[in-house]
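Right after this note come the structures.
Below, chain A partners chain B and then partners chain C, in two separate complexes.
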Partner chain A sequence: MSTSNHEADSLAPGEAPDRKQGAPGGVIVLFFIVGFALSMAFGWLVFPKLLYSEKNQPFDFNHKIHMDLVDSGCESCHVFREDGTYAGVPTLAQCADCHQDVQGESKDEEVFVNEYVANEKEVPWLIYSRQPDCVFFSHAAHVKMAEMECKECHGDIGESESLKVYRENRITGYSQDIWGENIAGIRKNTWDGMKMTDCGKCHEERMGSKGPCFQCHK
Partner chain B sequence: MKKETEHKPGKKYGMVIDLDKCTGCGSCMAACMAENNVPCKDDESNKLSSITWIRVYRLTNRKPFPETEICYLPRPCMHCGGVGDQGHSPCVSVCPATATDYDHGTGIVSQIYTRCFGCRYCMAACPYHARYFNWWDPVWPGDLKKTLSPNVSPRMRGVVEKCSFCFHRYQLAMEKAYVEGRRDLEEGEYQTACTQACPSGAITFGDLDNPDHAVAKMKEHPNAFRLLERLQTNPKVYYISSREWVRRAGDNYLKNEPTNSKPRAAAHHG
Partner chain C sequence: MKIDRRSFLALGLGAAAGTAFTPLPWKLTDDASIWTQNWRWLPLPEDGDVTYETTACTLCPGGCGIRVRKVKDRIVKIEGLPEHPVNQGGICALGISGTQILYGGSRVTSPMRRSGDRGKNEWTRITWDEALAEVKAQINALVDADKADTIACITGSDRGTVPLLFKRLLAVLGSPNFMTTATMEDSYRAVFRKMHGLKGPVDVRFDFENTGFVLSFGSGLIEGWGSPLRMIRAANVWKANKTPMIQVEQRLSNTAAFSGGLLAVNPGTEADLALGLCHAIISGNLHQAGSVSGFAEFANLLKQKYSVDTVATKTGLKATAIVDLARKFANPASRSVAVCGRGKGTTAGSMREFMAVHALNILAGRVNAPGGVFAVPAPDDIAWAGDTVMTSAISGKTRIDEAGTGAYTLADSLLNRIPSGIVEKGESSIGLLFVSEANPVYTLSGTKNVRKAFKKIPYIVSFATCLDDTTAYADLILPNHSYLERYQDVPVRAGLSKPLVNLTKPVSAPVYDTQNVGDTVISIAKSLEGSVAEAFPWENYEDCLAKTLGGRWETLKEKGFVEGEANPVALGNVILPSEMPDIPAISGDGNLPLILLPKDSMRLWGDAVADPPFALKIVPDTELKGTETVVEVSPKTAVAQGLEDGKEAVLTTTLKSVTVKVAVSDGIMDGVVAIPRGLGRSSAEKYLDDKGVNVCELMEPQEDKVSGFDAVIGTRASLKRA
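Entry: the complex of A and B
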């Protein structure tokens, strides 16, 4: 863009009146279109990639294998505590019940058993769906009372065979799963984003209103 | 689902504070600060910068010794419902950012710190001085950060905060109820931190509209009054005092005006 401006400035004073209506105008428009296209391409294609840093989980995890082994689905490992709060990602103690020793042939399990179980060290999982500090979310209200399925918000994680790369927003520090993969905020599935607008949309559809602020804020 | 939510009668949480029992010890203030992640300032005696969601005021009858009398009055947020409990609270109606709203389901006035941009209209509108502005970012020296409650988000510089009737406790109590398959709470399941901390039992908390809750009866006590009741802010905090000068201190009475000349029935039921 700077080149086109410069050119226009240096040409304009010395040019004859007839040239003003001809080539320079066209050049300016062409530069504008090219610049616009480049800017749009940068904004839509390059910027979303620059915005997120990529982090890998400590080791890979196969949800599918575990789902086939347990009886009560997601809640076999992702449990509700007695006081109604949700425990989220299982603790080391839960996993160590079965994984005292290496059972399979996967490298990731070996890492888990040797580095974490043997040293009694909690796994520093990166949580894809961690919400900002000001958000209150009740799993009990959604899963127990409204009887929603986990995948309505979390997607088909239970059937995945490996963990995806964790993308952290360089500006906000939140996971990409909150804003969603589509930078324009277009949703194809209910689990494509976890922003306030996503919560609000569903609440408006099913409850009739978004509800009072304190329903989801703290 | 939609119909159920609409037809469910809303709760109206409120407080009755017996001023005859209050000794002014300040336990409620300390408990509140610990519960709600309110930081201590370098100089807590500087009331322009200190933040106290519930604050104990000292009232005096201004008579010379030996008739001098003192009364301590704890003041949380009044969670005003406005005329007819329609949610036209002084602060809610002036907020340009919709950072504070009136919850018709619980009668609680919220404050969303991430939404507030610090214009402080609400502070000017609140007749009870219940709102506080964060002139500075909170500081948690040393290991004090580890004492923060994860259930309450800490505030940042430039936003207004106030008492929430420990709404996070309501949320947690509801979670427990949901897991047990209930939608209603027992009186004891949701109590504010100040209520539980008061050593003399001066504070009672509950649903003002639920005849099974103690507050519903106590607010009808002949010595019960509310602060600046004639402004029609319809506060949800009631006070009880057997002393007439204390009850008169709760509003701006003319010299010869009788103490109970307020349009109480109108403000409450209207």
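Entry: the complex of A and C
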């Protein structure tokens, strides 16, 4: 072993080896910190901006005005069908019941009536809460049976005066609202996200179990 | 400050460490997994408006109402129809898999002409015009040679307009050879004819909902017997009412497990048990008085040959158990009913057993009594101009199967006699064969002979929706729409308590180049011109349905079904037999040590329609393991034959040797081998083919001396370690 280590062979006792001089330890630590800080900044600040593209709805919609005009709250327009299934976003026919002609002074209503109602074209709304096809969700089970408020998952959208920008995940194609605005996934309110963990958390709290996989993944 | 390679390495390491403390890797992993679910080529159902349409299921004779869930134009789900009297919203595994028949890989996608050898299912596409011209030429050739009476037709049922259109086409051409596949209902009809002297078409109905005590002779009452969903509902009523039920069977089937008691009699001695019960009833003077012929002779026969003690020895039961059961059964307060028809009841079975069980019902006063068994007139509401003339024109002609004549007056059709007839004669008595909604090459016992006979038939036209064992022997396929693409009235037999007619509706546009078989028959008739064309005065099949069904057509279109009322047939004098036919229910070589019995379940369908892939997926490992059939034997049998659980063995009957796997179970009698029915199909569908063995390949048919049907319920076999 010793024959292969010429440096060690020639050393006097107690003498340090004659190494090629490199960057001092402080520089290395500095570089490490810089790398750490840059990637932290990228991960926390830049990445979320890159991940989502911003899209506008076809035209704006004032939930508040409509809520003041109807009797049955959200369910006045977001109806349950006779068989108990949930119809989701109202169809053109539902809206056209009232909006056959322009009624107010809003430009958005003008766009709706002239571009969509007049041409009998469904509005291509961007849906903030759309889930992947592999997820089965029954509104009836939650709203009718468990008597949950719409707000618990959808937040104060019913009180909003305009629609927020739709931020679409460039990789998945789903809305930012599913993951939640907080990139770290931290929740303050029950409506801050719509991931499986959110469903599981609520199920565990109220029903004592997250439920089996096939309850939602049919 | 000196910067070198290590500084950059530190930068990289720092970046990597920093990244781990950001949401980036976790979020990207999550997004990537969702991204993989959204690849464009993944088969996802379309998003769109959901609609429901109602129709009826025809995959088994049960007569359930269904509704299909559609996204845009595609059917994505089949559900039970809540308002239908048979299933009230329920649905079985076969019914729910119907979408795989509609869109599945075994569909016949256009008219086809055979291009390979018979048995190979190899086809060349042709046009409808070419196909119809070919049928026309075949019919004309036989008519010109004065052999029109050799034109035959096999259908799955003789009810409703489609089978009757075939019957009419044959009649107007001068052929009486319209045949259907035989089921337990045909045996019940034969019993009503034999023991009540009834002549016309008569149906059996069971008032299960009001029964107080059920005695089943091997009937899989909750495993697909009669109308499967109706029976499951009836069983729920029995459970709620604590209705006692006794099952006579050699294995612990689901029905046996559901029942309150299992009587495992020696295989083939079920009729003896019924007669022993009759003897106990008569000797205990428990029988109901009525107009009965031959009572003294019957009592004498029982005393001589079927005394309780003799029957106890023969069946392996205790004499006291037989007497107790007889007392309970005959007690008028029991409102009992005895039922037969093995497994799902899709085979005719032995007349000896049917007669013995019916005699038991007669003695206990359970025929045409609430909660019992009823004889009701078969519906005759389809009447077309000229029917009588055509029927009388062919009535003098001999049928190829001899049904209704000579020694076979009890049966309307004896399809089981055709293969042996052809093979014995060495030539086909059928010149041209039509097959619609039936799969005789798969369902008739003694498959080898059936194949041989079908090879000899000069020309076979199939009207199948999917390729199957029988289409493989056809020369031409004129494909029918699937049941989800066509109108068809479907009168339901299946022992329901009320007469019922369902209507299937085109809830999907035709997926392939197919045609409603009703339209095809009308087109064939019209192409023949003259009196044949005149006998089919309708524009098309829908016009025929509308004109034939009259007032019911609109109701059927709107509601999907019409329920009627049927008063029981006056039974007149009961004729009890003075001698019981001696027909061994177990065929084959008596030297073989074991008895092979088919077993039916709700997961495997052994009739004309094969399990779609979804349904096949739920067949348990104890019936099908990989591509091998699994047979069930008792631990004692396994030891005696040197068999091991899960290991391969060679199953041999007089007809065939096959390799199977063995499942050792405590729930089966010693000396019995149970084999699942419904496997071993050849359909040209990769999910179904080469899976297990068809029971009929192993079962040697046994002609019933009384009815002429195939009486076989089991066959002798050996099972040796492979």
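Everything below uses one rule, namely that the second predicted complex is superposed on the first by the 195 of 218 C-alpha atoms of A that agree within 3 Å, B and C clash if a C-alpha of one lies under 4 Å from a C-alpha of the other, contacts with A are read in each partner's own complex, and residues count from 1 in each chain.
One rule holds in what follows: a residue touches a chain if its C-beta (ideal position, glycine included) is under 8 Å from a C-beta of that chain, and two chains touch if they have at least 3 such contacts.
Not measured: the values here are computed from a predicted model.
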Query raised in the report: Clash or fit: how do chain B and chain C relate after the overlay on chain A?
Result: clash
Requested in this report: With the two complexes superposed on chain A, say which partner A:P212 touches: chain B (first), chain C (second), both, or neither.
Outcome: first
Requested in this report: Tell me which partner A:A184 touches in the superposition: chain B (first), chain C (second), both or neither.
Outcome: second
Query raised in the report: Counting only touches as set out at the top, which of chain B and chain C does A:S39 meet: first, second, both, neither?
Result: second
Requested in this report: Name the contact category of A:I171: first (chain B only), second (chain C only), both, or neither.
Outcome: second
Requested in this report: Classify the contacts of A:L50 with the two partner chains as first (chain B alone), second (chain C alone), both, or neither.
Outcome: neither
**Report entry** Contact breadth on chain A, by residue count: chain C or chain B
**Finding:** C
Query raised in the report: A:V29 contacts which: chain B (first), chain C (second), both, neither?
Result: second
Requested in this report: Examine A:A146 and indicate which partner it touches, taking first as chain B and second as chain C; both and neither are also allowed.
Outcome: first
Query - First (chain B), second (chain C), both or neither touched by A:L69 - result: neither
Query raised in the report: Once both complexes are aligned on A, which of 380-388, 416-424, 632-640 or 704-712 in chain C overlaps with chain B?
Result: 632-640
Requested in this report: Touching chain B in one complex and chain C in the other: list those residues of chain A.
Outcome: 83, 85, 132-134
Query raised in the report: Which part of chain B faces chain A closely enough to touch in the complex?
Result: 1-2, 5-6, 98, 100-106, 108, 110, 112-115, 151-154, 164, 167-168, 171-172, 174-181, 183
Query raised in the report: Okay, in this complex, where on chain A does chain B touch?
Result: 80, 82-85, 132-134, 136, 138, 140-141, 144-146, 206-208, 212-215, 217-218
Report task. Could you please specify the touching residues of chain C with respect to chain A in the complex? Result -> 1-4, 6-8, 10-19, 21-24, 27-28, 30-32, 34-35, 37-38, 44-45, 47, 50, 52
**Report entry** Residue ranges of chain A touching chain C (in the complex, touch as defined)
**Finding:** 21-24, 27-29, 31-40, 42-44, 47, 51, 83, 85, 132-134, 169, 171-174, 179, 183-185
